[in-house]
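I'd like to ask you about the structure that follows.
By written order: A, B, C, D, E and F. Residues from 1 in each chain.
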Amino acid sequence: MRENAVQKIWQEGGAVVNGWLAIPNSFAAEVMGGCGWDSVTIDLQHGLSDFSDTVQMLQALSTTPVTPLTRVPTLEPGIIGRLLDAGSYGIICPMVNTPEQCAQLVSYCKYAPEGVRSFGPIRAAIYGGPDYLDKANETILAIAMVETAEAVANVDAIVATPGLDGIYVGPSDLALSLGERPQMDTDNPVVTEAMATILAAAKRAGVPAGLHCLSPEYSLQKIREGFQFVSIANDTRILTAAAQEQIATVRQGLAD
Amino acid sequence: MRENAVQKIWQEGGAVVNGWLAIPNSFAAEVMGGCGWDSVTIDLQHGLSDFSDTVQMLQALSTTPVTPLTRVPTLEPGIIGRLLDAGSYGIICPMVNTPEQCAQLVSYCKYAPEGVRSFGPIRAAIYGGPDYLDKANETILAIAMVETAEAVANVDAIVATPGLDGIYVGPSDLALSLGERPQMDTDNPVVTEAMATILAAAKRAGVPAGLHCLSPEYSLQKIREGFQFVSIANDTRILTAAAQEQIATVRQGLAD
Amino acid sequence: MRENAVQKIWQEGGAVVNGWLAIPNSFAAEVMGGCGWDSVTIDLQHGLSDFSDTVQMLQALSTTPVTPLTRVPTLEPGIIGRLLDAGSYGIICPMVNTPEQCAQLVSYCKYAPEGVRSFGPIRAAIYGGPDYLDKANETILAIAMVETAEAVANVDAIVATPGLDGIYVGPSDLALSLGERPQMDTDNPVVTEAMATILAAAKRAGVPAGLHCLSPEYSLQKIREGFQFVSIANDTRILTAAAQEQIATVRQGLAD
Amino acid sequence: MRENAVQKIWQEGGAVVNGWLAIPNSFAAEVMGGCGWDSVTIDLQHGLSDFSDTVQMLQALSTTPVTPLTRVPTLEPGIIGRLLDAGSYGIICPMVNTPEQCAQLVSYCKYAPEGVRSFGPIRAAIYGGPDYLDKANETILAIAMVETAEAVANVDAIVATPGLDGIYVGPSDLALSLGERPQMDTDNPVVTEAMATILAAAKRAGVPAGLHCLSPEYSLQKIREGFQFVSIANDTRILTAAAQEQIATVRQGLAD
Amino acid sequence: MRENAVQKIWQEGGAVVNGWLAIPNSFAAEVMGGCGWDSVTIDLQHGLSDFSDTVQMLQALSTTPVTPLTRVPTLEPGIIGRLLDAGSYGIICPMVNTPEQCAQLVSYCKYAPEGVRSFGPIRAAIYGGPDYLDKANETILAIAMVETAEAVANVDAIVATPGLDGIYVGPSDLALSLGERPQMDTDNPVVTEAMATILAAAKRAGVPAGLHCLSPEYSLQKIREGFQFVSIANDTRILTAAAQEQIATVRQGLAD
Amino acid sequence: MRENAVQKIWQEGGAVVNGWLAIPNSFAAEVMGGCGWDSVTIDLQHGLSDFSDTVQMLQALSTTPVTPLTRVPTLEPGIIGRLLDAGSYGIICPMVNTPEQCAQLVSYCKYAPEGVRSFGPIRAAIYGGPDYLDKANETILAIAMVETAEAVANVDAIVATPGLDGIYVGPSDLALSLGERPQMDTDNPVVTEAMATILAAAKRAGVPAGLHCLSPEYSLQKIREGFQFVSIANDTRILTAAAQEQIATVRQGLAD
């Protein structure tokens, strides 16, 4: 089965640099897939891709070296199974607040006996290879988002879930849930303390933890603190910031 | 009729900062439309948008302040008419090498008696307004690409075409046609001399000239030399460069 | 944040005239958006739009003055969050039969502490404005459909739900649930009595009530009875009826 | 081969009532296809459908009794052949100004020896039937738009073109070309006189003539004058007018 | 209401030969629809079609004689209702493991009083006919997949569910659930014994049973054993096997 | 630059086994791309793919080992340039009847000085590699269809065109043009004699010749006669024939 780069980096103790796709288009995906990320996540929750776009984006990403991940809108087995069948190599699931929910997530991502995933890897076996059935359970990643006060309270039980491959922190929802204002790359002590709690629990359990970041600098800092998976903004934020800066350079030059 | 920002800037003697869209997607267009460009050009020649994508992108751009332009694949009246009917406020046409071709371009963009455009502004009148019929000929821009050795030889006759609103230089095709290697933001003297020849002819004729650039710095320099319309790279180049730089920042930080 | 016209009309005690979109196409949406409705609802339950169509339709509606609403297929947080992130200004949710379900609906539409909506308004902040986070909870509408016998029995508890912005009656499902035959613009006394019960409860609670109608005459009558939101048929019914009438005019004229 | 209703009505000396599709969507097409039109024309010139939309719309129309026609953007053999291969039962071609152009149109619509159409009726044979090769030339309609001053001057030669099945008048382009203001359902004497000239020439040649109309009343009048094919507005105009009228009914009622 | 061929064959005691669609495209659907199957199932679980594709595929299938069925990703009322409204004539639902789940499935497929399906058959009434409301409950099929050890244990209770129209066995998931290796056209005794148990229960209850097969030979054998609905592979498997065989014929011939 | 398998096989004197894509869908393309063909041709003439579909299909084919070719609707530079920019590795152009047309075809496929292709390989450089500019002219194939009586008369001049990479015979159009009935895998002596004339001219000029076939047996025979490129039917024909055979097996078995 084709290797999962995220898994390999984690096995070697390293940190994954992940791109984030909000634009629902296969060419934008192919372009991002060629930028040098270790993995790229197609976001079906807050991004604008729906399942059909995602199939085409997964095809486009298959022409590049990145490992394709997908974030689902909610903990629902239908969309998880369909994305895996389409060739996603990992599911990031929002709002996993209890160990029971985490166990459900794992079960939706794995074939029996580890889980209840239905068999029919129509495109996944094309992408993954002929031994997909034998290796899928160990290769496909189930990643739970720990991003609420309730989840923080349950974090030790969550990370102890058998079969869980990683956790991912959404700082905006975490802040909202803690009564704080959402802010990317936050230094709000209430939020950063919760992050530290989550990270410590993950470390104790030997489960890699990831974080959604905005800047490369903050990403770097968080890797140094122990996070092993960082996403830098997303395609539209990167594009917007760079375009605005270039326009400003011209306008400022003309004004001078 | 809704104002054409490109035309207004030109009437005031200013320079247009234009964005370039290669990604065939309406959300990417909406994002680019909000970045601060004066105009944005959907590219149906070397970009990946086809007509249906372009309709949706024009709708998305209509939610933003930018003036929407479109580049057609060739000098062909069908696609020109359809894009104008869909709400494009200007046509950039490649490979206009003779004054006869330039006259054709103008005729395809204007209603009788100035041209032969067929009447049926199905979305254009929604976007432009109820006086579209009366004001379209003076508001919609016909922009000829002068980008071959033959066109340079004919440039004075081309820019003298009645009804022509502007010209646009494609440096890569110009270089190829002159036997030079295509290079964005070129300082190849053969190419830059041809550009200067084109610009001088345009200035003599009172026709604004534009240039496809890569960097904001080169764009600024060319505006100072007299170009009144610059495109900075395109959406995928801006995205790629920015993403690569951010990834490099993280990887370099980790390596240190 | 951009104003919600539905909310404003309700605050002024008026009645909203709402268009209904079943055709999954952005141009049809743009055309309907320009007809003069106060709001337009994209129907993902009985209409044929899916999420991707809806994103493009929301973009198209953003070029018009109407306030865009969406009806979801079921009470499910994933699609509610995604539609709000795409720029919908209100959720109409079918089959809200209990106060518990109504509280869930509200919670899916509001950020903490009022609800559990996940943060990431990717297009909504473009459409709504930079103060989206601060104003979304008070601007975005949660509208529960009261359309079953069970819901009628629970109507006082349903309309008492904190954060509920309005209710909407689907007369066909209401009739079916009451053992009557579905009929638009019905005068079936069993159904109209249930409607009156619902309206009275809503009035007592100060919650605006809406109704799906077929004809403008019935819509007008129901507004006079106290409904503050009426939908007149939908795009395909209006188109079909008008086209059939025009064809009949020609055929009848030829037959005479 | 499946019958062409337009042809049959013409053979019986009758008049065709044709619907016009500007919305690029297969469900809108299916709805229009069920309204009672004899034929429906998908417009690829001033409508927003591109080839891919049209394929799906032709599939949708195949579920209804109407005969599907298509209007092409220009006299270009590629799009004509592709639409016929997709199952269109007739081509309406704009701006046929000379008998030479008319002969080209016919040749693009017919297999050798009558024309040069390339063989490969991939969906057309599914729709038309197994004898498509034998009967296509006699069943598929080539309809030339006579809509310019030049075409009026050439009208006798145009209608004499062997293999031509019908002509169609676009009143807006005709008016523009004659130096008059485009107006649907016009009574401008310059334009109506030109229409009469065209109709008379067609009658002499035994070629049915059609006209693009707005109202059923005007359509009826023109059939009485001898036109044998009328299009009533289009889907978006019919929808817009009907929706506006219904909204006005409610608002006027509320104002009273 | 248009007849349901599956139902009719079952009423006559016959067996349905069903095609299976994994390619999300309306032309592929139209081609498959013309091959001679009794019914064709669009697969939204392991196939790649999403709702929008399915609408277009259902339109395409409506041009052919086959009865269109759909398989949903999970037991969820939203997608079931939408597919029925789009014109599906039967729902195949995976992982129905308990009689309670089976009753839910039936209720999502039927209008009150038999179920809770919401009324709005926007395309279904076009396809089915004007008496859709009266005949839908008896014409639309609810088919439960019995494909886990738990379901086998509950099979008598499942098949006793009032309103259930048929059951369908997925041999891969059944094998996985029984601790065996998934294999199409299996002769694994553990799996075939479970199949026999299911079939016997269905026979006792008078509920037709179906099976997903790979080869026509195995399909034939299973019909002879009593199954009354067989699916032969799917579009991509049939295409792949046939293409590979043809390529091999050429390559082998060249090698000889 | 990524190797062109067709070119390599030709350089080694071998014959290419080519698949043909009529279904406009990226998953069908990916499936066909994995079947073992040397190359696959997306057909924009008689197939149903338009440009946008083709971009996604080219992405899908890039995940497989096949070399992607495209057939254009007509000899038109716009679509040729766009397909090459999207990553097509060769253009098959219908109805090349004269050496002048053949020279145009070559010029549209090559950069100056060999041709007039415009520079902007937006996806082609991603697929082909960073040396695309230097190697495209020698790697991308220009293939002319010789398929009319006129072309047969001109065949020696056509195959002598500098830069021409191959020719391709469409037997149906050839038959029609010769006054014969189109028939795949024909043994009509008029048509086979014309094929032999074409093949002989190609051999003399050292230009590989291809043929559109139906069966593998006929393909093999034609390779033995000297053709170096055969297409076996297309995706829909292969699928249809195989599905019909499997259905017949079951129905025949049941009838026995």
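Operating definition for what follows: a contact is a pair of C-beta atoms (placed from the backbone, for glycine too) under 8 Å apart; a residue touches a chain by one contact, two chains touch by 3 or more.
The model shown is predicted, which means the values in this text are computed figures rather than measured ones.
In summary, the chains found to touch both chain A and chain F are B, E. Taking each chain's centre as the mean of its CA atoms, C is the chain most distant from chain F. The distance from the centre of chain A to the centre of chain E, each centre being the mean of the chain's C-alpha atoms, comes to 34 Å. Inter-chain centre distance (chain B to chain E, centres taken as mean C-alpha positions): 52 Å.
Chain F has residues 22, 24, 27, 31, 34, 48, 50, 52, 55, 76, 79, 123, 236 in contact with two or more other chains.
Under the touch rule stated earlier, the contacting chain pairs are A-B, A-C, A-E, A-F, B-C, B-D, B-F, C-D, C-E, D-E, D-F, E-F. If you check the complex, the residues on chain B that touch chain D are 50-52, 55, 76-79, 81-82, 85-86, 111-113, 116, 118-123, 133. Only residues 15, 17, 19, 22-25, 27-28, 31-32, 34-37, 48, 215-217, 219-220, 223, 230, 232-233, 235-236, 238-244, 246-251, 253-254 of chain D touch chain C when the two sit together in their complex. Here chain E touches chain D in the complex through residues 26-27, 30-31, 34, 55-56, 59-60, 62-63, 123, 126-127, going by the rule given at the top.
Within the complex, the chain A residues that touch chain C are 22, 24, 44-48, 50, 52-53, 72-74, 76, 79, 94-95, 170, 172-173, 176-177, 179, 181-182, 236.
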